[in-house]
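What follows is a pair of complexes built around chain A, which joins chain B in one and chain C in the other.
Let's turn to the complex of A and B:
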């Protein structure tokens, strides 16, 4: 499936997913701009923007092997960390001026340890991210964000004032609002954009200067409002999972007739379904509350499964979803558990649901195609 | 609100079998006059007693809980709340004949096979109604992802939805702010337990428990020092795991546990004075940097001693800093408990935070214990450890000590069979000129 549009914006976004450094980011670098890597969507990107840097979500795009990383980690570690670390070890991330982590999972948190030891990035920082979502955790993360802000500011020689933070929050909220508008269009019976294309739009947002991205996204939304919608699909699919940054994976699903109309992904709706509260008393608390308590959570957050499950069920209703595909990277414990729990939840309602394992690089396309076909047939589509 | 507990005898079916298994083991050990067997018998005896106590409390409608060694068992003891671990079966009865069948049962539930076997089994036991249902559950959300998701899955499980659950949130680094925060989490845990069991925490009683527990840690530390002797006075059969069982699980803050440690120490001192090792001809002193392969321990570790003269001088349960708790006031007690549970508890100590923490332990153990090689078993569930294998190897290279990463399942011997492990280790020993 492919959307036909007047402008080239969509292609620009799509190209941004095919390499690490896209033209917009290169332009930023050429002008002396700084870029800070983020290994997880729980890193408060607003602080990075307020420091005058571009936050860049870490990927393994372009990697073809993991020889160097395999000397550091093992085969029971997920292929995302093996490919992204391998790129780092090969110097492909030398454009970064720093990199930030949270203790997202057992795999990613160890990349911090290897990176610190082996890769010469001027600034590295790990925020201790709580695993619960209640008030003491909001307070803890407020302090973590504050420490991160101070350390980054000191390193860059920038005073990250409240004013700068509020400005960054407004800018990122604007991104979220625009992205939600994009998702709103997908509720239509004839969505004007495919799931693969949407993922490209979302990934691009994590890899270019935010102001420019927002402008491009506005242009795209304008274009889409006049575009012809897709009606040639067999079923409307919700895609759920962790780190998926390759639109070609969704292409395979959509080529079988399963139009992905919404998601709960690390590069998808979970990052933008809510806004940071612009009326809060101070920006750091607002950020902490957003990341810990307000945004749809990741499975690593204990005590929040019911809310996550409700989020999925709301999506199913609002986007008129026919079936849910849950994908996970092999060896990911967080998503193993979440897939199991969500499967049980949906089983109770009799809703079509399938679990798929995958590797970070797009492999096993034939198998994926067969499983999606079977799933659609099982749904009577 | 205190939960209305309903005693359901059928949930204790497997529990009774396990109790009988340990009782049987105690009976066998009682017939062996060897002092090590007698020390082991005492551990199996106290294990049986805990099983009996839980069953008795259940029958009488008195509160008991499920909890963890790294969530302040001193508090459970002070609150008179007998506890058990929902993960106990894989750890305690892994040599029982039903283990492999249970693992298959877990697989049939649709639990991912790359998820830690101990976690899969625990969820299976709940679903299959093979584990007691507690008044309240203290969950574990560190040090690994698998444990976190296990407890989330337990919380949503249809059969356990009425069991209140609380988990202490672990900070990642070791500093005063983290201790203060975790102490707050422990206080919130106390409030949770008080609310759901009706038992109140008495500070004086907690102080008493901590005083006794401090003695236990001191004796454990002394014991750990004695294992530095060449030849090593004890091997894999007695040591860290039994100290852990006494100090952190079954006899926390109880004089009987303290006496057991004194007996252990006396035996060890005597052996060191007499120069008696665990085997007559110690050739290789290895550091086993993980839990023991509980599911098939008898098929592998004795072989290492017999075939290669290889002695497990230290392992993950045995090396902790044994932090004493300052018992001056409530604040110091809670902060001491926070520190002990975050920094000293086995697995949590090594796996929770950044690699620098376990790296320092490897250096310390290799240097202090005359270690000839480090074995990282690489349990399939320990993803963070396996993601650190390169760091472990580099540390060992710097120390000039050989390192091997096996890659196995501590509970399921079909993952990497004992024969495959023997083959790998034999090749490693030969290549490194050990033994």
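Let's turn to the complex of A and C:
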């Protein structure tokens, strides 16, 4: 889909998705700033910001092969794992001053083991992420976040006070509010920004110093307020899935006329649909409650499918969605189950829904195009 | 109104010319390395057979198949899933499940009584259960594609071939040959293995009769029989060559999409 938006900031965000280190991050590093990798959207990034570091979401961007990683993991591991680990083994992540994991899934969990032994990163930490979303798990994660905070603070020689945490929480909430403003514009009949462009904005936010990102995002929103909207689409699509960080995947969908107007993705709405409660009594508890119970959950959380399904249905209504595309990385067990269950829920209502398999690197564009085109035709569009 | 459908597949290019809802002519040619050339050659042949003088005699043309974006003379392109569903339903209105076995992929599509696509699954990640698979096996058995079908119809005790991967199936076949297993039994075993793969794909969208087979491999009676045994029902034999069903569907859609003459 042709861009309607002449925005330098947008280009800057798009540029940031094409490599690991973008100019803003490089500037931060040159000034002696520290960067900490986050292997999942469940890492409490606010703690990292409070420690004076930039949280950086791990990607496999720029990887072309996986032979180093394949020597460590097996072919039943997903391609995101293999590509990101391979980059690590090649030294492409040497700009990191540390890296944090949660046991998002067995695949990510194993990367931690390999990373710890084979890649020289000054600080590595694994948080134990509970599997359910109720009060005892909030308490569990509160303890985990507290441990992470103390260990990271000790390692860096920084005392991460409550005051620092609240400041970081406010900064990250500001990002979320700005991103929600961006999504709000996509509810329009003529959204001024495409799904591919939006993904670039979201990915860039995980790779830049937060303050600078928020300022750029404000500029973008200003540009968007003057932009022409898209009306030449065949259908409004909601895209659902896991670690998708390549806007070109969405380009293929949008080139067929399926304008992606909203999502539930690891680099999308799930990370910003709610705010961390700034009025809570204790910042660590507020973070734990946010990550475990408040925000839309990832399918790796048990017993929360109904709420996830309701979230999707709310999105469908609010964004006037015509059809849902659910993508998953081949070998992703969490999304396999979710895709099926969500499909059953939507089928009951007769809502157009399609499941797609994907590799981390964009391959098989022809096959993707055929499926998307047939899906749009099936919807009578 | 005269319309055309052009289906540029991975192995062959197909073109159909229709006039007022009846087929005037069709052509099937091997695909070249240039989809534009394949499309043009197939279309020109069909036009000539129809007794028309040039492509300008056609009011509207729809392109489909893997090369559908490379049909320079098409007014628009529509996915092969929609086209096969449309074509199969036109040939046999009672069809609810379409199994399209092409050169490099297979697709199962469930359709409504109005010919609308309800759901589809595709296998395009590997060669198993596609024309390429049969070509490779016919080479190992040294029997040609037609021979594969006729051999299997004479089997007494179909061999069991567990691997559905083309490469490993080939090693299994070589083993069976060396063990002295009769060639008809090996051929039937191959068809059974593909039929079981197809039947699990059919299971994904849900088996609703009638079932029709389309695409080049549907001409393989050995495979059709194997699938019938697996599904425990009769597969519809279409009134036209199953290989041109996608092109027929494209032509039918061309008729619907063509602007009404003023």
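Just so we're on the same page, the second predicted complex is superposed on the first by the 376 of 381 C-alpha atoms of A that agree within 3 Å, B and C clash if a C-alpha of one lies under 4 Å from a C-alpha of the other, contacts with A are read in each partner's own complex, and residues count from 1 in each chain.
Here, a residue touches a chain if its C-beta (ideal position, glycine included) is under 8 Å from a C-beta of that chain, and two chains touch if they have at least 3 such contacts.
Everything numeric in this text was worked out from a predicted model, so none of it was measured.
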Which of chain B and chain C A:364 touches, first, second, both or neither: second
Which of chain B and chain C A:210 touches, first, second, both or neither: neither
Contacts of A:149 with chain B and chain C, given as first, second, both or neither: neither
Chain B versus chain C as contact partner of A:236, first or second or both or neither: neither
Touched partner set for A:114, first chain B, second chain C, both or neither: first
Partner chain in contact with A:378 - chain B first, chain C second, else both or neither: second
Residue contacts with chain A in the superposition, chain B compared against chain C: B
Partner chain(s) touched by A:344 [first = chain B, second = chain C, both, neither]: first
Those residues of chain A which chain B touches in one complex and chain C touches in the other: none
Interface residues, chain C side, partner chain A - complex: 66, 78-82, 105, 116-120, 122, 124-125
Residues of chain B touching chain A in the complex: 110-112, 114-116, 139, 141-142, 144-146, 148-153, 155-156, 165, 167, 169-173, 177-178, 181, 184-185, 188, 351, 354-356, 378, 380, 383-384, 386-391, 394, 405, 407
Residues on chain A engaged by chain B in the complex (per definition of touch): 71-77, 81, 103, 105-107, 109-114, 117, 126, 128-132, 136-137, 140, 143, 299-300, 302-303, 305-306, 330-334, 336-341, 343-345
Interfacial residue positions of chain A with respect to chain C in the complex: 357, 364, 366-367, 370-371, 373-374, 377-378, 380
